Amino acid sequence: MSVVDLSTELAYAKFENPIFTASGCASSGKELSQFFPLTELGAMVTKSIMLRPRSGRATPRMAETPSGMLNSIGLQGPGIDHFLEDDLPWLLETGARAVVSIAGESVDEYGALARRLRGVRGIAAIEVNISCPNVENRGMVFACDPTSARAVIETVRINIGGEFPIIAKLSPDVTDICAIAGEVINAGADGLALINTLLGMVIDPKTLKPLLGGKTGGLSGPAIRPVAVRAIYQVHSRFPKVPILGMGGVASGSDALQLIAAGASAVSVGTASFGDPLAPVRIKSELASLLIHHGFARLRDAIGVAHG
Amino acid sequence: MSVVDLSTELAYAKFENPIFTASGCASSGKELSQFFPLTELGAMVTKSIMLRPRSGRATPRMAETPSGMLNSIGLQGPGIDHFLEDDLPWLLETGARAVVSIAGESVDEYGALARRLRGVRGIAAIEVNISCPNVENRGMVFACDPTSARAVIETVRINIGGEFPIIAKLSPDVTDICAIAGEVINAGADGLALINTLLGMVIDPKTLKPLLGGKTGGLSGPAIRPVAVRAIYQVHSRFPKVPILGMGGVASGSDALQLIAAGASAVSVGTASFGDPLAPVRIKSELASLLIHHGFARLRDAIGVAHG
Amino acid sequence: MPINPRATVTTARILSNRKVGAYHHIALEAGEVGKLAKPGNFIAIAVGGEYSAMPLHRAFAIYRAKADGVHASTVEIIVAAHGKGSEWLTKQSEGSQLRITGPLGTSFPLPAEPVNVAIIGGGYGSAPLFDLADHLKSRGCRVDAVIGASTSSKIFAPLDGKRTVNSVTVTTEDASAGVQGRVTDVLEELIERQKIDLIYSCGPMAMLKAVDEIAQRKQIPHLVSVEEAMACGIGICMTCVLPIRDANGTIKMSRTCIEGPVIDSECVVWSGGIPEGTWGAP
Amino acid sequence: MPINPRATVTTARILSNRKVGAYHHIALEAGEVGKLAKPGNFIAIAVGGEYSAMPLHRAFAIYRAKADGVHASTVEIIVAAHGKGSEWLTKQSEGSQLRITGPLGTSFPLPAEPVNVAIIGGGYGSAPLFDLADHLKSRGCRVDAVIGASTSSKIFAPLDGKRTVNSVTVTTEDASAGVQGRVTDVLEELIERQKIDLIYSCGPMAMLKAVDEIAQRKQIPHLVSVEEAMACGIGICMTCVLPIRDANGTIKMSRTCIEGPVIDSECVVWSGGIPEGTWGAP
């Protein structure tokens, strides 16, 4: 496809290229597979799955904002059983690499999810979403509290065995993201996913009430890219050996390269797919051209080049 | 000018209208006074002033981002002496209401600034910028630490006397903005300014290094508006009696009304002036029309209407 | 069944853009999209151009799609300037290019027998119904149309569309055209008079619900095309959901961009929100 | 002295937009702006239109400004497509409207006596120099121009501009036009030959610095028009600063949008960064 070696790795999981989907922005793959073969992706990151089916939040669930959007999906999904019976086998059959994202409402739930995934074949890695601001758990977000963040990753680590790398997905809505990163690394995370959405709100200009059914929502899209680059840069300079799956407002190859230069080993494309189903493949080819333009023979050589 | 009563107050300071400039986005007023009489503003909020002259950070100091910008000015300014001798008298002479913003590198410096301002006539209020992420104080930001935030406001409170309301300006880069708000309110803040910029970074697509001289910078503009609305909404629902000066991405009357509905008693316009020097006056008249459209006879009745 | 089975992403060129009452009629040269579209499908359009602050898709019902002609295919849409994105769209001039994705969503199922059909359109909701009427007529159905809006400029009822159907009744709330009132004010009488066997409706949710009350009462099958705020239009964001009853009677929050917009009204839970008993409800 | 003394915010209409080599020559109907502009001033332009993701001003030197004619005033600029905003600008068609702010910044001070002047322009940096040359000529100065760029398409030297000056020397790095090399390669000889008393230069910082080395060596007064990344163009953001020596010799980080862009090169601290001893340096 190109003369540049795009292969990358997140801990001991290897991928042919660094462009992934973002959890919750590609459902479980069937929807996008009409537009391009999922094998074009470094990996399909599935929508965060919970233990039981979940209806999510009331509508409206979205608001467009300047160069971004708010969502308050509330982790709607069919639950792990259906996922393992139906969605995952379908996905693996396409030949795509699968990163499975999980989310829970309690530490135990994460543990139970990890046990369900233990021994499941074909999964490339587990992304542990501890940062969704939408979960109705007294408004508390695991990723905003070092102790609970640590507890979740410890539980997942113990329950899942050593089969898949564990990637802990962090929230930018914290005073010190490196502190949380340190906790989850100590707890056994093999890699980090940075960043989840920022907590935001839109007031409906007509009713003057919060527009979203869930009142607050998660801010994503190009608007948050500078926050993502900063978080990745900070965490990579503190923990240079811990691989990062970067995300946040990537809409072009140049955006992806920013995150990679800041320290990401791979990049998830989320909101950009909502305005262009082909965004992930376009971004991959733009990235390849840019790497060549900058004289990189291998993607790996570009990871973290913004430092030092 | 309009049939709607735009007057508002922040604690015991009264203003004819709720549209202010944002600190650092209008210098000390001379620059904008060519474009409109500063008396059109509810208040001119001056650039944060420090004890001594300060050269600020190296260039480049700006990067445009999707619907936003990063700045790393580093609080360049002439210092309080020059400000009190030259800038402030000029500003007061125009008849404009002046909100003076101060910033320090230590708790003592804030105390010293407060003593210098004590007894200065004509100031409407003091905005205490404890949230600038650019200050080179081991990267630590007062507003990100409850203890230091509290200490600064206590010191200012003690040293300034009861002449001016103290408005504490908070950073959104914290895990729990209500906790910080609670601390500064207990320490004697009469009002809150929400929000300062978010910490961000841009990698230069040419060099693949951080673009800004200061590496990281503060993200402002429409991109961050949903974060501002959320912060104002959260803080207003927790502390409904504490007046809020809202800011963050306001570029139209409708944006201003969002912040007001969320709980702001007045609104600062920052980045929008960089693309349109007339933005504050345009926003004021758009806001007046919208208030009429929504059937409000007084701006005050719209403050916080998004709640309940 | 695969999801988005016939959809592609296409650079479409605007062939014409003209004002029709309160709306804009935009014709697009649309690659394969027009060839594969069925009545009821929609397209998603990226808005704002290269320097856009609007990252999300906008959904528009296909008013007409043609495979023939000088262009690979054409797709026509009727756009009401609602917010910034649709407003931008109405300002685009002939020759400019749009990124469109389609055809998307479900289409109107057609009756096997030649029956008596009523099509009910509210505002621009009538747009997809005339193409449907064409198909119904060619199957020998009688088709009576009721087109309503708040005011005459918001009635979309093009001449050739009117010619397709057996009758058109227009209602406006301000009496500026046709009968004063709402579509539901004339529907019952029409049902009686024409012995309506089947209803298709497209318009605001409140109208669909009101029409459905009548359809239920009269026990007439009713197919609705719903409209929910959509971010992606292709099933990947989960924003466009409505509570829908499936074949087993289970209520699920279903994506109206792929399980809709056309849905059998029997499956729609009109109460909105997340009804008690919904699968996975808290 | 007041800041931005003659500036207004104006809705300007594009009268023409045509490609000139690598640049676009854009003429604007510009309200009062063209009446009040002096050579060396610039305008700030809001870019991207109503749905723009670009909140900041773009600065462009005024190439020509006229108060006469059918329009209130006209302002012409020469635009190089650099990033997204300037690229957008080059795509705007005749008749479209722009929000401009100006005239802004300092202007070229003119010598009291008729002296021998060299104007040195790099790339689009030559744009403001021809208007300056006009003023110099009308004061009886001899004006010799040196216009340099990497390649011929980036030489901006319009015919009437060339006619204004006494001589034009073109340099290109790739030898595609004029002398192969840089402006500095021909400057010393010109200074000797024409007994240059005063130099004006406008172009990339590296060029200004190189020209200044020669000017210093030859002890010739040198006025430069600098270009720093600007967010606002009107003095309110503090992003466009350069270390500048004031009348007392104090180095301050000064805003080039209001204390510049035209600055006496004696005051410019060419090292960049924040030189030691700068007022308020850490």
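Letters are used for the chains, namely A, B, C and D, taken in the order the chains are written, and counting of residues starts over at 1 for each.
Following the convention adopted for this analysis, a contact is a pair of C-beta atoms (placed from the backbone, for glycine too) under 8 Å apart; a residue touches a chain by one contact, two chains touch by 3 or more.
A quick note: this is a predicted structure, and the numbers were derived from the prediction, not measured.
Participant: Can you name the chains that touch chain C as well as chain D?
Facilitator: In this structure, the chains that contact chain D and also chain C are A, B.
Participant: What chain is the most remote from chain B, judged by the mean position of CA atoms in each chain?
Facilitator: C
Participant: For the interfaces A-D and A-C, which has the higher count of C-beta pairs in contact?
Facilitator: When A-C is set beside A-D, the one with more contacts is A-C.
Participant: Where the CA atoms of chain A average out and where those of chain D average out, how many Å apart are those spots?
Facilitator: Centre-to-centre distance between chain A and chain D: 47 Å.
Participant: Averaging over Cα atoms per chain, report the distance between chain B and chain D in Å.
Facilitator: Computed value for the inter-centroid distance: 35 Å.
Participant: Report the inter-chain centroid distance for chain A and chain B in whole angstrom, where each centroid is the mean of the CA atoms.
Facilitator: Once rounded, the distance between the two centres reads 34 Å.
Participant: Find every residue in chain B that makes contact with two or more other chains and list them.
Facilitator: Each of 66-68, 221-222 in chain B touches at least two other chains.
Participant: Could you pull out the residues of chain C that touch at least 2 other chains?
Facilitator: 53-54
Participant: Testing understanding: with touching defined as stated, what is the shape of the graph linking the protein chains, line, ring, star, complete or other?
Facilitator: Contact pattern: complete, every chain touching every other.
Participant: Give the list of chain B residues in touch with chain C in this complex.
Facilitator: Per the stated touch rule, the residues are 66-67, 222.
Participant: Show me the residue ranges of chain C that touch chain D in the complex, using the header's touch definition.
Facilitator: It is residues 47-54, 84, 88 of chain C that touch chain D.
Participant: Considering the complex alone, what residue numbers of chain C touch chain B?
Facilitator: Touching chain B: residues 53 of chain C.
Participant: Once bound in the complex, which stretches of chain B touch chain D?
Facilitator: Spelled out, the residues of chain B in touch with chain D are 24-27, 30-35, 47, 52-62, 64, 66-69, 71, 73, 76-79, 136, 221-222, 251, 271-278.
Participant: Quick one: which bits of chain C touch chain A in the complex? Just the residue numbers, please.
Facilitator: Residues 2-5, 7-9, 46, 53-57, 85, 99, 101, 228-232, 234-239, 241-242, 252-253, 258, 272-274, 278-282.
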